[in-house]
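Shared between the two complexes below is subunit A, which has subunit B as its partner in the first and subunit C in the second.
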Partner chain A sequence: MLFKTITRENFKKMVEALMEENEVIGPKARDLDTEGKKIYRFLKLNSFEELEMDYTRSYSSPKNYFLPFKEDLAVYDLHDKGWDQDIHYTIHPRVIIGMRACDINALLKLDQVMAKSVYPDPYYFARRRNTLIIGLDHEPLEDCFCRSMNADTAFHGFDLFLTDIGKDYFAAINSDTAYMILNRFDAKDVTKEDQFLYKKVKSRIESKFKTQVTITILPELMDLEFESEVWKKWGDKCLSCGSCAMVCPTCYCYGIEEDIDLDFSMAVKRKFLYSCNLLDFATVAGGHNFRPRADVRLKYRYYHQFRGFVEAFNQSLCVGCNRCGKACLAGISPKVVIDDLIETEKR
Partner chain B sequence: MKYLGITLAKPKIGVFGFTGCEGCQLQIANNEENLKDLFGLIEVVNFREISSEKRGDYEIAFIEGSITTEKEAKNLKNIREQAGILVAIGACACLGGVNNMKSRFPLQDVVKEVYGAHSIDTGPVRKVREIVSVDVELPGCPISKPEFEWLVRHLVLGIEPQFPKYPVCVECKQRLNSCVFDMGMICLGPVTRAGCDAVCPRNRLGCWGCRGSSEEANFESLMEILREKGFSEEHIAERIQFFNAFSGN
Partner chain C sequence: MSLKIPRYDINLEPSMSKHPDFNRKSILMHTQSGFKSEIIAIVPLTAHEKLFHIRICDPCERENFAFLPGQFVMLELPGCGEVPISISSSSSNKEFIALCIRKVGKVTGMLHRLKPGTIVGIRGPFGTHFPMEKMVGHNILLIAGGLGIVPLRSPIYWVNEHRSDYGDITVMYGAKEPGQILFGYQFEEWRRIYGLNILTIVQNAGKGRQGKEGIITDLFDDIDIDSDNTFAVVCGPPVMFKFVCAHLSKSGLPRQRMFVSLERRMHCGMGKCCRCNVGSTFTCLDGPVFDYWTVMNLKEAI
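On to the complex of A and B.
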């Protein structure tokens, strides 16, 4: 990997230049919580000033810029003798600034499913190819457990990764595009002092992880605790509202629907992201619901994240961002559920 | 109207208002850019808000409003006799709606408070399905025009409409809204049927439940959450009773 430094001033110029030709997405503050703290989310930036480089947590992950919540897969022009299908994979070039290491690792996991599997998803692939990713380091928040999930650092899956080392950004370069862009804005070679500052920031970040989740025995434990009362306990609280899957950087389950316009001349085939916690997720043709109980649905969400995906790809699907835990009104988070399972096992 | 070369039957429809604000009927007449296409699919034979025609040969009846008098109940039964398909539209018809407020007090007190000495024929608020059988309930206060158009497409093609079973939270998260609970507000989104695109939370207003309960809503868990968050019993009750959406929970 190549490293450079860029001053804040030049970084601003770089972002503004990128905004001229691309759609630029970044963390923006839109509302204040009851404590007066900003609530952030990844949205289109209209000016550099809207970009919050000091943001803490984005309520939702930037997943939707790769897997939109709703996406038209095909458009049909209907006529008397049949129809013509129109499919587009192309998207306008996009830049996402400020993605965390966990979110970049989430994309690498999605790549396994969407881009590297037997049936790649061309829609995902097009978005992935046309998106320039500028990552950003941060000090872990109280509930970040990305370290436990081995997702606290990103080595690939991005173009540029920034670490704030005081007056400059320390930039890890991972693509030709990023290298070319950076050089247009007077990026400097890394000095001994920069290296020293970078290592200092990195070790400070490392020292700040507070939340740990034990996952080494998890796939096995989940099979052993299949009938555990823990699932019932948390399942009874679960609102089956799907918030966890919507804010999750890796949940990718979806449904397909077809719709027709009011004069019956055009139709669309639409993909929509769904959640395995929703009541009718496992309802099949004829009306039978394989998972009518909330506790069973909750269990299977955890099974996919921490066991099923491990079996298929040798890694958990969860990256430890705890957005699901934050979004859940009922207080269900991977940390509490997994700790509970481990405790039950000891008894 | 032709669909893939096949000429579709154009069902005759009637729209009838009972006790309500007529806002849902108005929604049907709204969105001028699509009106021509909408009325290309159906033939309006009885709809006071947009036509002076008053025919009785409608095949689909849309019922707006709750039922509050015996006369209304009788009219509704007559409409049911005629209509092959009866659709209740809006919170008043489906749930009782805001009108249901009066059912929480002695009827005489309510009449006196509003009309004074003037006598008025009014009774307890009833949902349409408490009087006649209902084939489809199109929820919302008011109903959404895109959803009405979506329903009409289904009726014309003879496909059973599938409303979302899940709660508003799904659509709220999809719009990247801030959760209004984080902003200190009360919200019924977790137990209310989706389909509104979370329009209230989008505008930083908690959900009031106008679309009725989502299917198998975990009402108990939400109550616990609301109490834990410190909302008073009075505040919670006011919100839950507003549209009479959760009387069955």
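On to the complex of A and C.
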């Protein structure tokens, strides 16, 4: 990998230049929470000033620029002789600034399913290939457990990854496009001093992780503790609202609905993100529900993340951002559920 | 100098200009582009089931479409919805595929109102198939309950067309009432021409009906299973699997020679929507045909 440094002033110029000719997405303060703290979201930037380089955590993840909440998969023109199908893929380039290492790792996991596995998804693939990603390091928050999930650092999956080392940004470069852009804004070669500062920042970040989750035996534990009371305990609290899946950077399950115009001339096939916690997730035609209870659905959410995905791709699906824990109205977070599971094992 | 990020047009990928071939799973293709197909015949079977003969309109797509017994397709009625339906015809029939559909939900309800000539879309084939090649030289026991006979019709056609490759073929079929027996009109042909041993049983025989009354496992009394030389294929309602598979295990049949075909909710057929999640995997990718050893390792599969 190649490395450069860029000054803050030049970085500002770079972002502004990118904004002139491309759609640029970045963390923006959207609202205030009850404690008066800013709530962030990844949104289209209109000026450099809107970009919050010191943001803590975006409420929902930037995955929705790759997997939108709603998306038209096909449009049908209905006529006397049948119908014609029209399919469009997103092909306009986009820049996302400020993605965290966990969110980039989340994208790599989504790549496994959506781009590198069987039946590559053209809708995802087109968006992914048209997005330039500029990552950004940060000090972990109180409840970040990405380190336990091996998602606290990113080595690929981005074009550019920035670390604030004081007066400059230290940039890891992963694509030719990013290299060319960076060089246009007077990026400097890395000095011994820069390297020293970079390593210092990295080890400071490493030392600040407070939350730890043990997942080494989790795949086995999911089977051993399948009938555990822990699922009932947390499942009874679960409101089956699906908020966790909406904010999760890796949840990708969805549903399909088809709509028809009142005059029967047009129809549309629409994909919408779903959640395995929602009541009718596994209901088949005729009314039989394979997962009628909230605790069973909650269990399968974990089962997929820490067992099913591990079986398929040798890694857990969770990246440890704890967005689901924050969004959950019932106070269910992976940390407490997994700790509980491990505790029952100890008993 | 421009800072425009280069534009990547997925449509220019060479594989995207070809007819989608769902058997070539790793190729980038228009995954939502179904084959336009015409319903060429609709055969009412019972009050709730109809058999649809569906022919892919484009000759090239029709020629390329190839499936193996046990696989399914996603059948789409634009504007109404898309449903997974297992193929119920011979895999050597290149002219049309047969789908037997029970009127049970929104899409199937609408399908039952259609007339021949309607254009629908199909994507597929998807999923795993019965290991017809591995079964060569063995006896096969095909066990179906109710609508479960539908996916088994495809392996039955296969066996009939390759009759000398296989030993004794026994079809055990249970239904609730005599009027709900599907494809009964074909049994005589299968018996007389292909020498299949077909045993049927109904739960409520009603007045004056000849034949057996009881549940599917009662039929085991009438047959001997050569456990060293037999493959079993089971398909039926969820409750049936447990009893039938337990009985087969007891008779000494190895779990890897017992195959079941499962059913779950599906929205994509391609392992993306997660709706058909069963245990640690998905019914659309690793199923619908699973061997019984795998099923035992999948939580709550049956």
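Following the convention adopted for this analysis, the second predicted complex is superposed on the first by the 346 of 347 C-alpha atoms of A that agree within 3 Å, B and C clash if a C-alpha of one lies under 4 Å from a C-alpha of the other, contacts with A are read in each partner's own complex, and residues count from 1 in each chain.
The definition used in the following text is that a residue touches a chain if its C-beta (ideal position, glycine included) is under 8 Å from a C-beta of that chain, and two chains touch if they have at least 3 such contacts.
This one's a predicted model, so the numbers in the text were calculated from it and none came from an experiment.
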Superposition on subunit A - do subunit B and subunit C clash or fit: fit
Touched partner set for A:A330, first subunit B, second subunit C, both or neither: first
Touched partner set for A:D121, first subunit B, second subunit C, both or neither: second
Which of subunit B and subunit C A:L239 touches, first, second, both or neither: first
Touching partner for A:D31 - first (subunit B), second (subunit C), both, neither: first
Residue contacts with subunit A in the superposition, subunit B compared against subunit C: C
Three-chain overlay, vertex subunit A: subunit B-subunit C angle, C-alpha, nearest 10 degrees: 70
Which superposed partner A:G82 touches (first subunit B, second subunit C, both, neither): both
Which superposed partner A:D189 touches (first subunit B, second subunit C, both, neither): neither
Touched partner set for A:Y254, first subunit B, second subunit C, both or neither: second
Partner chain in contact with A:E142 - subunit B first, subunit C second, else both or neither: neither
Which superposed partner A:L43 touches (first subunit B, second subunit C, both, neither): first
Superposed arrangement (fit on chain A Cα atoms) - minimum subunit B/subunit C Cα distance in Å: 7
Common interface positions of subunit A, toward subunit B and toward subunit C: 78, 81-83, 259-260, 264
Residue numbers on subunit A that touch subunit B, as the complex places them: 30-34, 39, 41-43, 59-60, 64, 69-70, 78-83, 236-243, 246-247, 259-264, 273, 275, 278-280, 294, 327, 329-330
Of subunit B, residues touching subunit A in the complex: 1-5, 8, 34, 37-38, 40-41, 149-150, 153, 165-167, 169-170, 173-174, 176, 178-179, 181-184, 189-191, 204, 214-218, 221-222, 224-225
Partner subunit C, residues of subunit A touching it in the complex: 17-18, 20-22, 73-74, 76, 78, 81-83, 85, 87, 89, 91-95, 113-114, 117-122, 125-126, 129-130, 132, 177, 181, 184, 223, 226, 252-260, 264, 267, 269, 274, 276, 281-286, 288, 290, 300, 303-304, 307-308, 311-312
In the complex, subunit C residues that touch subunit A: 1-11, 16, 22, 25-34, 36, 76, 78-83, 104-108, 118-119, 121, 238, 263-265, 267-268, 270-275, 277, 279-281, 285, 299-300
